[in-house]
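Two complexes follow with chain A in common, the first pairing it with chain B and the second with chain C.
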Partner chain A sequence: MKRSGWQWLAASSLLIGAIAAGGETRPRYGGTLRIEMSAAPASLDPAEGNVPDSFGRRNITALIFDTLVKFDDAARPEPVLADSWQAAGQELRLHLRRDVKFHDGSAMTPESVAASLRLENPAWKVTAEPESVSIQNDLAEDGLLAELALPRNAIVKRDSGKLNGTGPFRIVDWKAGERLSLAADENCWRGRPFLDAIEIEMGKSYRDQMTALQLGRADLVEIAAGQVRHTDQRSMASSKPIELIALWFAKGPSSPEENALRSTLSLSVDRTAIRDVLLQGTGETAGSILPNWMSGYGFVFSAKADLVRARQLRGQISPAPSWKIGYSPDDPLDRLLAERIALNARDAGLFLQTTSTPSADLRIAHLPLESGPWSSLGQIADQIGAPLAKEHGSLEELYAAERTVLASGRIIPLLQLPVSYAAFAGLQNWAVRPDATLNLENAWMESGAQ
Partner chain B sequence: MFGRLFLAVLGLAIGAHATDWSVPEQELAQKVVALTGKAPISLSFENRSSLRRRDAEIIENGLRGSLAAMGPRVVENDASAITVAISLSENVTSYVWVAQVQRTGSEMAVAMVQIPRGAGVSSTRESVPLTLRKSLLWSQAEPILDVAVLEENARLAVLSPERVSVYRIRGGGSQLETSAQISHPRAWPRDLRGRILATKDHLLDVYLPGVVCHSSAIGTFSLNCQQESVAWPLMIAGPGAAGPGSQAMVGAYFEPSRNFFTGVETAPGGWLKIVPQFYSAALISRDKDVVWLFAAVDGRVHMVEGTMDRLTNLKWGSDFTAIRTSCGAGWQVLATSPAESATDSVRAYEIPERDPVPVSEAVDFSGPISALWTEARGDSAVAVMKNTETGNYEAFRLAVACGQ
Partner chain C sequence: MSFRRKLLIVFSLTVVLSVAGVALAVLALTRRAFEKNEEQQTTALITQFQREFERRGADVAQRVERIAGLDVVLRMAAAGHATSVDSAQYLDFARSVGESWQLDFLEFLDENGKIISSEQSPAKFGYPDAAFESLSRLNQQPAFLKLEELQDSSALGLFAVRATRVGDHPVYVVGGRKLDKNFLSGLDLPPGMRVLLYENRTDHFSPESLLDPGAGKNEASSAEKLAPLISGVQHSGREMAGLVKWSSDPADEEVFHAIPLRGTGGERPLLGILMIGNSRAAYADLKRRIRDSALMVGGAGIFLAILLSSWAAARVTRPVERLAQAAQDVAGGDWNARVEVKGHDEIAQLADAFNRMTSELLAHKERLVQTERVAAWRELARRLAHELKNPLFPLQLTVENLVKARTQNPEMFEEVFRESSSTLLAEISNLKGIIGRFSEFSKMPQPQLQMVPVNETVRGVAQLFQAQLQAPGRKAIACRLELDEKVGSIDADPELLHRAISNLVLNAMDAMPEGGTLTLRTRLDGGQAIIEVADTGSGMTPEECARIFTPYYTSKQHGTGLGLAIVQSVVSDHGGRISVKSEAGRGSTFVIELPVERRSPQRTHGEAPENSG
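Here is the complex of A and B:
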């Protein structure tokens, strides 16, 4: 197998192994895991572009579907449904693992894999060969492998609206945006998972999730960034900072003066106070899109407030602008953030009016990053409509690309937050992947835990 | 011999840790000079990485030397000088050294170099050599399910999920003698377990969930694997059966799609015993009776004496086994600890009366133990763990020494 030197991403996965009450250390088969999450995806199809990206959606995808490759904790590509690959020019040929079946019992074939990839990437030329698929596009090998590892490129057999994957759990019941029932796939190519079933309740607020965990109605929940410090650390796991909180402008600046005003706003925001007070110290202040653990140079983009410089810049431009800053009415933290930013801006001579309506000049955005720097930057650039000259390259090219995205004036990074989960003590061997999704493949529940 | 082999590997790792930073130092210095020319510079350093202070000082001195050799004069307290702030940072895979170059009245320029992080120095935790002793048999990156010593200090067989490999040990090194694939029609269950035992009439037998393999008796090494349910050998059956090379073992049936035994046991003589489903078992033969211990799938340790099944409050892990020795009461249970961290330990116990009592200090392992089986000879056990520091799988022999 040819292994690429694609070297990025990923904090070490945090493995949870709480103290086994009865001394049981070998995984136990059985049990139903009850999960609650805030996301409420309207579709389970990983390729459905109209469903917003979220960590909850990624979690569901990983339970039902597999990708052709993935990246390990040291950012090296690993085989999943493809057991080897070879690049030649602009073509990547991936040899498929044998004896893999979809949840409906049908065999995974090169044709079914090619059909899945074509639907997900209409611009790619995907060809089914006797035991492999070949992909032609303008990405280099490293970049294409990184693309193939993304959840949206999971291999799906779509059959009259029914979705079949090859992951450890199969769909039993699905009520869009509300609940999902999954059962262990007895014939999973990696072996049947330890858990018998997973029940997922969606669209739950963080507060409701924590209550459900405390009352024993849920076994695994998400934790709001501001609540991390108040949660029992023994039953909690967090990723490295991988969710970007940023100010996202609806339009690009119409003039150099407006761009300078946006810089003024960035200089006026006291990110440290926001983190320490509103988020109880969780996360990192950010002047960059990519967190420092991912790029190594994030500190170069200053996140410090500089009111003197902000006022100086503001003084050079008149008249004073009036912007509406939007926040999600469903997220109490967003409103507090918007109000604090408006206060900071006022100190620099900028006037921001807060609103929960969609018609805002800029808004508080929660942007999930991917596990690699190029894919993260590409995704953010796509979302905000900023140019990205390259999709892969050296560290210096990454830095230059990030500077260009920031210079577009469409985004002002504020904070980078970890994604945190809490579980009841009887859930063993669960982990948080480098992309902040849950790894429940080898999770198991202690006997008598429920 | 194995100990020497292991120490040699460790020595190499330590030797490799003395990193030569001169190439990236010169590379960054060149990039800085390309931005500053030969104008005077004011230099500052900050270590934002996990590099130790000593390493950071070495790098700082190296960078100063490289810059000085390339022309710019390093000055202090000169407002007209170009400021160069060098940060030693890092990302997941590499050290990242960043130089922020600021000329008065100009936009800041940035230069950086990336240095892939080398493998860290592995270290091992010393066991406490009291009664229970561990010695490394084998280490490899691929998962190990079990190891069988075929000839003492000379030859061993390693069972991995997809193959059996036989190694010849010579002069502190090892050489692959032969290997054979294991054929299995179904995917292996998670938490895969397996057993390999040397035999007298042919080289070895392999037991895996729903599959049993016998090696060829003569000629080229091969494995004949059948999909069938046969009892896995667990431990020496009784006092009369113990001894070097003895194959008279108690066996139990393994659930083909899970990680536990069904609860049906067999013993020499053909009798069957029905017990709770269990992960591991130990048999202790005493003067008047026999005591069975089971790490049952209900998470408890069951103690079975005759027909009485008693639940204990023992805080053991899911893996234990029994060995017969010439020490103490003659039979010891070796038990893993309940998991609470990434490390593990094994301790020896005896059962003089009602409850087990520890008879050795715990021997520490730098990773969770995934297998603990009594060896064919009956007086020692093989423990397999995944070393959380190196990521390698390691198989150890555990033996009890008297009078310690």
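Here is the complex of A and C:
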């Protein structure tokens, strides 16, 4: 009896604990989520071409607007506002989801969808049909679906400058580049979100964001690569590597010797030490522009330092170059990177002088890769001044294109970094997608968390 | 230059030289005093710097020691003992600890000297510290100077090394503070002094390496002026001093003492140069004041010299000037000139002597005039007696013949009476002539000046005497005219001039009883019209020449001695002068010099003729 009594007591305790735990993990409605971010977009319109694409902007767009389709983690297209589609030749017909309403209460119609797409893609021939829209252009089906999944092709109803979307949150207040207030859309076609509202503060540095989180002034913030190690891993989430840190030369090499010197510099950089110490183990060393998870062939490009080979190359070229390596004065990590690279380069016989002024021969560049392999590579190629011949293609063509960009001698990949977020412990069921956008559709806040 | 001016210059020079001498002496003494004071201040400042250096060094060493004793450093050493220290874990450690402990430099090195964490060069993790070998030896030693190599520069600092050991595996803590402007600003400096620090990064001078807490906008250009001194210390390695002129204003001059600061180790490398500057503004100000005072005193002295010289002139030069004026008056003929005698000094004695001298001269002159007057009267009496004796003797004989004829030959008396009457009348007429000439000489008229052509006058005289020169019964005299046509008219009395030349012609005719040549010559000499009358007679002795113009003197048997005296009188009244050149046996030449332009006759009244023989 005594034994069974203890057993009953233990069983009762476990049951009560399980019930209590189950109560805490049950989603609840309500609460205002406070987010701080570094991006400071001047416009919320997805079609605004002057606002650079970034995961920060995507985060905002995803909260307010929906696209017709999206891609899952396995890069398969999924229906969103379009519940099905058929391709016929150069034409793609998308059947629209029924009973979807914009935030102003008006119904989403083929005409409103067609108008939105026409504004965003003037070259496309978009036709509104009963319960569907038809798009004609020179893209293949996969390419067109990928385009439609981009945030800039989100469906927007523009009414005298006012933007209405179909996303889970509607705009309440917007101060360009500073603050955005969103409220839950009670009539969202996906159902009302758990959160009542979201307050977003923009243009905040990583340090300020972390301070705000620690002081309880923010619930969800971005964290710098160097802070990942010091952050509680249980309330942190990271994307796949979607930012490339690279050395970016202002001009192409003027001679084969200079090209060899740039190769010398690449071989001299100890990327592993930089990642392990300066980035506190965050990210991956990179010899390629596109991360391996995105391209599948990234491992082919070596990222290992080879000081012996670097010195050999340096020894073959007599005049000692003197380069200035620039860094952003606002980013302490950039300065450390520049100083470390200068030290590594000195080991190989190259002299680099660090500078925070714009007049540098090369600089530490942070290149976003969240637009997808072809788009990201295309943007880099455009900056180099050698646009890619194609915007989409096979893996082999992507590999060849990347080889071409690297052969320009303008860019030396160093590291590929993920985007990391930290949240207060009461924020539940939030996630980070591979492209670094936040998934807050089903996020909720524990009671008494604020 | 007047005596008064000389006196003024002498006084002024004396005052200026005295003041200048005093000023220079004061300046030299002041300079010496300032240099001594400057040396004392510099020595005190060096001592203070060393004391501050030691104090801050001890402070740095204490902080480093405390850091080395931190648990986290112990754990760092323990981790090194187990495997190897993870630099990633300590990336910001040195910075945060360094900031907490207010150290500008802080590095943690493992047992091999590799940097685990660095405050000043966080990116240098894993790299060995270049100075580790010497640093490891300095464990537990007092603070030392070290030139820390930074990413693109270097900085001078006070460093200390302490080690924390776990087993045989130490972690070296190398901490330090910058010797920067703040360090220099913290030194308590006397007024007018300042301290600069030069970081000896390279062998040559670099303006950027000079730390000046009070540097303004022109730091680099100002620093260049210190380059020679710094370069001197760099090359010699010894303490040096030099004067730096920041501008043309002496108040901006500064004396700098450059003191080498050396690091540790056998070679004791030159890491920095302490520049102690001592402004010379106070010295320049004092020098300026001394100069101003000297100028003021000199000016006052010169003013005083003027007053003194005026006073001295009143006492000394004025009597001398009066004496000089009196002497000039005497030279001008005022024999009654006298100088007032005041006091009993040398000037008074001189004035008294002058007065006595003029009195003596006047008395002597009066005696001479009296003597000459007596001689003239005697000569006049002799000449009158001589002149009157000649006609009186025939008169006496004639009257005696009349008396004798009346008594002895009454029949012949009538005839003798007629003859004697004519003789008596003739001789009486002769006596009247003699008396008339004397009367004429005494009544010489004043010349009535008018423009008179000289050559025409000379020709007139020659023409007048032409007949007499060729008269029968006497030897012929040739007359030759050598007239310069450039000689024009002069202001003269034509009558008197004609008479003077005529007298000279008569005189020449008398000098040539055996015939000869009479030459009348005119010419211009300067502002004078020259008239010469020359004969080829027997000539005169020098004694005769000397007395020839004396009235009533004559060398002829029947002359009155008034002819040449009249000529001299006429010439003198015309403002000219007459002279004679004669040689015995070769004739005489009388030279009349008359001014072409009119002069007051009175001014030449006393001029004496010149004779040359």
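Throughout what follows, the second predicted complex is superposed on the first by the 345 of 450 C-alpha atoms of A that agree within 3 Å, B and C clash if a C-alpha of one lies under 4 Å from a C-alpha of the other, contacts with A are read in each partner's own complex, and residues count from 1 in each chain.
Convention: a contact is a pair of C-beta atoms (placed from the backbone, for glycine too) under 8 Å apart; a residue touches a chain by one contact, two chains touch by 3 or more.
These numbers come from a predicted model, not from an experiment.
**Student:** Pick one for A:Asn442: touches chain B only (first), chain C only (second), both, or neither.
**Tutor:** A:Asn442: touches chain B, not chain C.
**Student:** For A:Gln90 in the superposed arrangement: first (chain B), second (chain C), both or neither?
**Tutor:** neither
**Student:** In the overlay, answer first, second, both or neither for which of chain B and chain C A:Asn121 touches.
**Tutor:** A:Asn121 sits against neither chain B nor chain C.
**Student:** When the two structures are overlaid on chain A, which partner does A:Trp293 contact: first (chain B), second (chain C), both, or neither?
**Tutor:** After superposition on chain A, A:Trp293 lies in contact with chain B alone.
**Student:** Once chain A of both complexes is superposed, is A:Glu339 in touch with chain B (first), chain C (second), both, or neither?
**Tutor:** A:Glu339 contacts chain C only, not chain B.
**Student:** Between chain B and chain C, whom does A:Ser205 touch in the aligned arrangement: first, second, both, or neither?
**Tutor:** A:Ser205 sits against neither chain B nor chain C.
**Student:** So, A:Gln280: does it touch chain B (first), chain C (second), both, or neither?
**Tutor:** second
**Student:** Kindly classify A:Ala74 by the partners it touches after superposition: chain B alone (first), chain C alone (second), both, or neither?
**Tutor:** In the superposed model, A:Ala74 contacts chain B only, not chain C.
**Student:** Considering only touches as defined above, state whether A:Cys188 meets chain B (first), chain C (second), both or neither.
**Tutor:** first
**Student:** Please tell me which partner, chain B or chain C, touches more residues of chain A.
**Tutor:** Between chain B and chain C, B touches the greater number of residues in chain A.
**Student:** Quick check: in the complex, which residue numbers of chain C touch chain A?
**Tutor:** Per the stated touch rule, the residues are 87-88, 91, 121-127, 151-152.
**Student:** Which residues, counting only chain A, touch chain B once they are in their complex?
**Tutor:** Going by the criterion above, the answer is residues 7-11, 15, 17, 19-29, 74-75, 99, 186-194, 292-297, 299-300, 373, 394-396, 399, 441-442, 446-448.
**Student:** Inside the complex, what are the residues of chain B that reach chain A?
**Tutor:** Per the stated touch rule, the residues are 48, 87, 89-96, 98, 100, 110, 112, 114, 116, 187-192, 257-260, 279-280, 295, 297-301, 314-319, 336, 338-342, 368.
**Student:** Enumerate the contact residues on chain A facing chain C in the complex.
**Tutor:** Of all residues in chain A, those touching chain C are 226, 229, 273, 276-278, 280-281, 336-337, 339-340, 342-343, 353-354.
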